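Dropping the structure in here first, questions after.
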Amino acid sequence: MTVRVGVIGVGTIGEDHLRRLTQVVAGAEVVAVTDVDLDRARAAAAKYDVATVHLTGQELISDPEVDAVAVCSWGPTHEEYVLASIAAGKPVFCEKPLAETPEACERMIEAEVSAGRRLVQVGFMRRYDRAYRALKDVVDAGSIGAPLIVHCVHRNPTVPGYFQSESLITDAAVHEFDILRWLLGEEITTTSVLVPKRNRHGGDLQDPVMLILEMDSGAIVDVEISMNIRYGYDIQGTVVGEDGTAALGDQDAVVVRLAGGTTSPVAADWRERFSRAYDVEFQEWIDAIAGSGVPAGPTTWDGYAAAVVANTALEALRTGTRTSVKLVEKPALYDQ
Amino acid sequence: MTVRVGVIGVGTIGEDHLRRLTQVVAGAEVVAVTDVDLDRARAAAAKYDVATVHLTGQELISDPEVDAVAVCSWGPTHEEYVLASIAAGKPVFCEKPLAETPEACERMIEAEVSAGRRLVQVGFMRRYDRAYRALKDVVDAGSIGAPLIVHCVHRNPTVPGYFQSESLITDAAVHEFDILRWLLGEEITTTSVLVPKRNRHGGDLQDPVMLILEMDSGAIVDVEISMNIRYGYDIQGTVVGEDGTAALGDQDAVVVRLAGGTTSPVAADWRERFSRAYDVEFQEWIDAIAGSGVPAGPTTWDGYAAAVVANTALEALRTGTRTSVKLVEKPALYDQ
Amino acid sequence: MTVRVGVIGVGTIGEDHLRRLTQVVAGAEVVAVTDVDLDRARAAAAKYDVATVHLTGQELISDPEVDAVAVCSWGPTHEEYVLASIAAGKPVFCEKPLAETPEACERMIEAEVSAGRRLVQVGFMRRYDRAYRALKDVVDAGSIGAPLIVHCVHRNPTVPGYFQSESLITDAAVHEFDILRWLLGEEITTTSVLVPKRNRHGGDLQDPVMLILEMDSGAIVDVEISMNIRYGYDIQGTVVGEDGTAALGDQDAVVVRLAGGTTSPVAADWRERFSRAYDVEFQEWIDAIAGSGVPAGPTTWDGYAAAVVANTALEALRTGTRTSVKLVEKPALYDQ
Amino acid sequence: MTVRVGVIGVGTIGEDHLRRLTQVVAGAEVVAVTDVDLDRARAAAAKYDVATVHLTGQELISDPEVDAVAVCSWGPTHEEYVLASIAAGKPVFCEKPLAETPEACERMIEAEVSAGRRLVQVGFMRRYDRAYRALKDVVDAGSIGAPLIVHCVHRNPTVPGYFQSESLITDAAVHEFDILRWLLGEEITTTSVLVPKRNRHGGDLQDPVMLILEMDSGAIVDVEISMNIRYGYDIQGTVVGEDGTAALGDQDAVVVRLAGGTTSPVAADWRERFSRAYDVEFQEWIDAIAGSGVPAGPTTWDGYAAAVVANTALEALRTGTRTSVKLVEKPALYDQ
């Protein structure tokens, strides 16, 4: 069975997912697209041979030719499209952030719980990365004992001029929030944000920052976010257990000895680092829809929890204090 | 456009490719299968929802519903199916070895040259491996200077009991023959085979062996083939240039510190190591057929050259001497 | 010129330094020893061919045959012996901690300042480690830009039963305090101590802990102290700059591929990891004494600063708050 | 007991050993030097405070103040000084090569056998290198099984203009000959030399070369010698056993992430790579003399065997054929 997908939003990430669903993933066909900029939607439809261009996301969601929806539009529109997809009983993939506010996420949770089945998957693509999966396998196997401390590093070579200090949390650290919850299988309970000396490349930006997170189990996490470090895009993660440690490997494809050094390339950006994870994410999403019909990936609850932690960290950044994460009660739907 | 593929042979590798074309690769549909064991063909068709089971490969090749053919049957049948596909004007992917003898390869070359266009792609999947591609990029960029020496290592944890000493060359070293020709962009001119002390795990098998190859440019290559080394499947390659060296990285996904050591896992077998290369190989094959119609991968000439080098190395093993590789003149069709 | 050394205290570390001064270091001769346990002193003197056994440290320091003093006795006795050595105008090497209290350190500073020249060297041996020196060279060269964040890791396989939670700071973290001051060339201004879930191997011990330090420049440091992690003794350090990072290498002497993994050994304990640093430390001390007469290593000020930071961290551990480090004004004697 | 050493020859390597014996090694005192250039001898004596300058090596050897002799003079003079030291019954350290010809080595063996005890140690310093010792420990422990293949790499950034093609064997490969005999505990039985395309940086020099060695046990070794590879001085070694492999580690002191890559420095030259091995070599030599009186390092037999293999490899280079190594019978004196 081929899953017929409709894509809402074909900007940078949306067009990339359109390409992915068309040219990389097996078992999917993109049958409809739309975009707030209809010319862009038409150009994308022409380029990737998509049959229909809809005037609105709502129209696309209602299209009986559309089996599943991929929401890649501007963040503030996510809620509307996800709720409409749930109402239509169609599986929906929603790029992160799931919504702008925890409240919006809560409304999605309510809708999904009312619908009585999971329809939403959030685009936390790191869970599909080969290195993170190998790391989780080691942690889950128990050989290093209970996790006590986790060290996370998120480095970016450069950011656009409009990037805000808050974005270090909402755009960068939010990935760590999700991956930590997944890796350790527990919630984050408090956040603190430390502000070191600034990187001269960042201008007025408070860059880097270091976050301290406490987990339900008592494990403590430090997260370095450096957004202007020039040398490359570099994501690191080390779980310190009672008997040993496990860390993401560098996955060096080539090792060069030249000019006085032994060197392996670092990824230039997130596309290079996680391109394959996006492919796997969409293939597994399509496979799940074509199979059981129930998405196996990050849930609405995961999107909600990340949003709450991000909000809490923003408050910690503003107040300079250790701030507690407050979540609503978790519906049983997300308990498997 | 969806490429409709017919698969001939659904044994271990054939069924894996059937799965790949059905569940992993975008833009392909398997519409027909056949196998010398028809029950096996029917079971595979049922499992992967393939419409038609043909009684013979010839019948499958003639099927107007089949746009392209994947030959995954027993080696001795390759020639017949490849020639039939060429005659039918259909793109054909042929698993290695292209044929049992250089003469059979020559007949395919003649047929393809007569047809006036490239239709055949040989299954040398290493060319699609991320690490080999990164290595070739460095070599081609010229920063390490002209290649002078290449060190290759091919290690396997264990082999089945029926494995012969000759198989170290025809099943293992043959991959190195192709990848060296591709990596350096030149032909192999002589082969020698050295026979070290035997591995006790190999019984009567002459394992390991070390091959010495000379290239057109004068570069010299040593190739270690160890087939019973227990610790894992490990493929290494280092190009030594005038100014530096470039080597395949280990691509460590995870690094564990435990029990007195820092450890990264080694692949258990070729499936784990090259599974992704197979995926890319087929995606690029399908893309080429759907696009220009001309396969961009290893050619009939490449299959022929590897076969001749393997034969030459077998002679070098028998005689204990340095033996010259003799190739027919290369048709312009393969000069792109 | 041979430097004639007197060693006070020949317990574990003292006897090891006696051996080092006798059998490893060039240009030194141990001419006198003493110990609170005179039998132990006599046995050590016999074993290493030392001419004289003194009844007290004071007697040893006054011995005209003694050019320089190595204080390796119990911590509470350090102040007395260091002050006596300063009074005698003799260079004195004092094992860490320099003293039990910041106040004792201040009295040594006053004595040394009054003497008008540097006589004291504190046993912070990490400054002599090849990897730390390579790290400092990179930081000082400026290629990674200004240091903004430092990640430190201090892991020990196991500790004796009498080890206290406070000891994680006074015995382990204190090394990081000194090395950070040296590496970055600035003082630590605040400390916080976070207490994660406990390691089951540590019983009642609060192990691990994570310290957060702020430096004069605004750089922020996190320090993981894990004392029961079983897998080995592992010291890590990474300086995150504006343009890149520099980290201690693992200095792998051998890489083994066996049983499914690529493994390099981790040091079993601090002796294995820093044995060579101790050798270099003493050789440079002897060379300085025989040369300019002025020790080039860690000063009384360094010993004082580490003691104050350790005290501050103990307070931070007790109170759970971010605590400021308060140092007296730095005498010009230590300003070179 | 202090060992009183006389040093013959204070050119580059001789002066470095004079410095080492004076300033690095414990338990040694250099009491006499000489050199074919007496002004150089006098300058060195002044610089390192050596009491006596002798007019000839023979005079130095006869000096009753001299307990042991270090021969660091020009190769052709080694035989004379080593024989005189044996005649005088004094331990003698002789820099490599032990002698210019196998015949000269045989004469030393005869003299030493007649003397009835081991007095000579040859300067194969790699045996004292931390990484080689770790490698040998793994091989000797047996966990990787019997060695079947060894891969050796010897790379140098550049060589002086007068360097000859033969020097790749006599100056570079000779180190591999000794270390292989030591590592595997067996003799080399045949040599072949392969001549790849030349490095443009080497002019007329046949650089690189690749040697193939066969060992007594049947193990096969390939040795790459590259003398103009620019990027640094790089010594590699991998032993391939029946169950796994063991290789020299890179001993990275620092890892830098900068400008798109993760880089560790490679040693600039042999001094940087093996400086510490020289220190250990001399310390152990002095310790052995002061202790049992019998040197524990490479013997006259080792010097002889390396000389014979080098001669055999030179013949293999000239003739282009596989050439057998012919050794005289090994005296029991060297059977420890």
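Going in written order, the chains are labelled A, B, C and D, and every chain counts its residues from 1.
Just so it is clear, a residue touches a chain if its C-beta (ideal position, glycine included) is under 8 Å from a C-beta of that chain, and two chains touch if they have at least 3 such contacts.
Keep in mind it's a predicted model, so treat the numbers as computed, not measured.
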Notebook entry, point to check: For chain B and chain D, what is the smallest step count along a path of chains that touch one another?
Noted result: 1
Notebook entry, point to check: Taking each chain's centre as the mean of its CA atoms, which one is farthest from the centre of chain C?
Noted result: B
Notebook entry, point to check: Counting C-beta pairs in contact, which comes out ahead: A-D or C-D?
Noted result: C-D
Item checked: Gap in Å, rounded to a whole number, between the CA centres of chain D and chain C -> 37
Item checked: Distance between the centres, which are taken as Cα means, of chain C and chain A, whole angstrom -> 44
Item checked: Distance from the mean Cα position of chain D to that of chain A, given in whole angstrom -> 58
Next item on the list: Give me the residues of chain C that touch two or more other chains.
Entry: 230-231, 243-245, 250, 252, 257-259, 264-265
Item checked: Residues of chain A defined as touching chain C within the complex -> 145-146, 148-149, 151, 194-201, 208, 210, 212, 217-220, 222, 224, 226, 228-231, 240-245
Notebook entry, point to check: Along chain B, where are the residues that touch chain C in the complex?
Noted result: 230-232, 234, 250, 252, 257-266, 268
Next item on the list: Mind listing the chain B positions that touch chain A in their complex?
Entry: 22-28, 130-131, 133-135, 137-138, 143-144, 243-259, 264-265, 283, 287
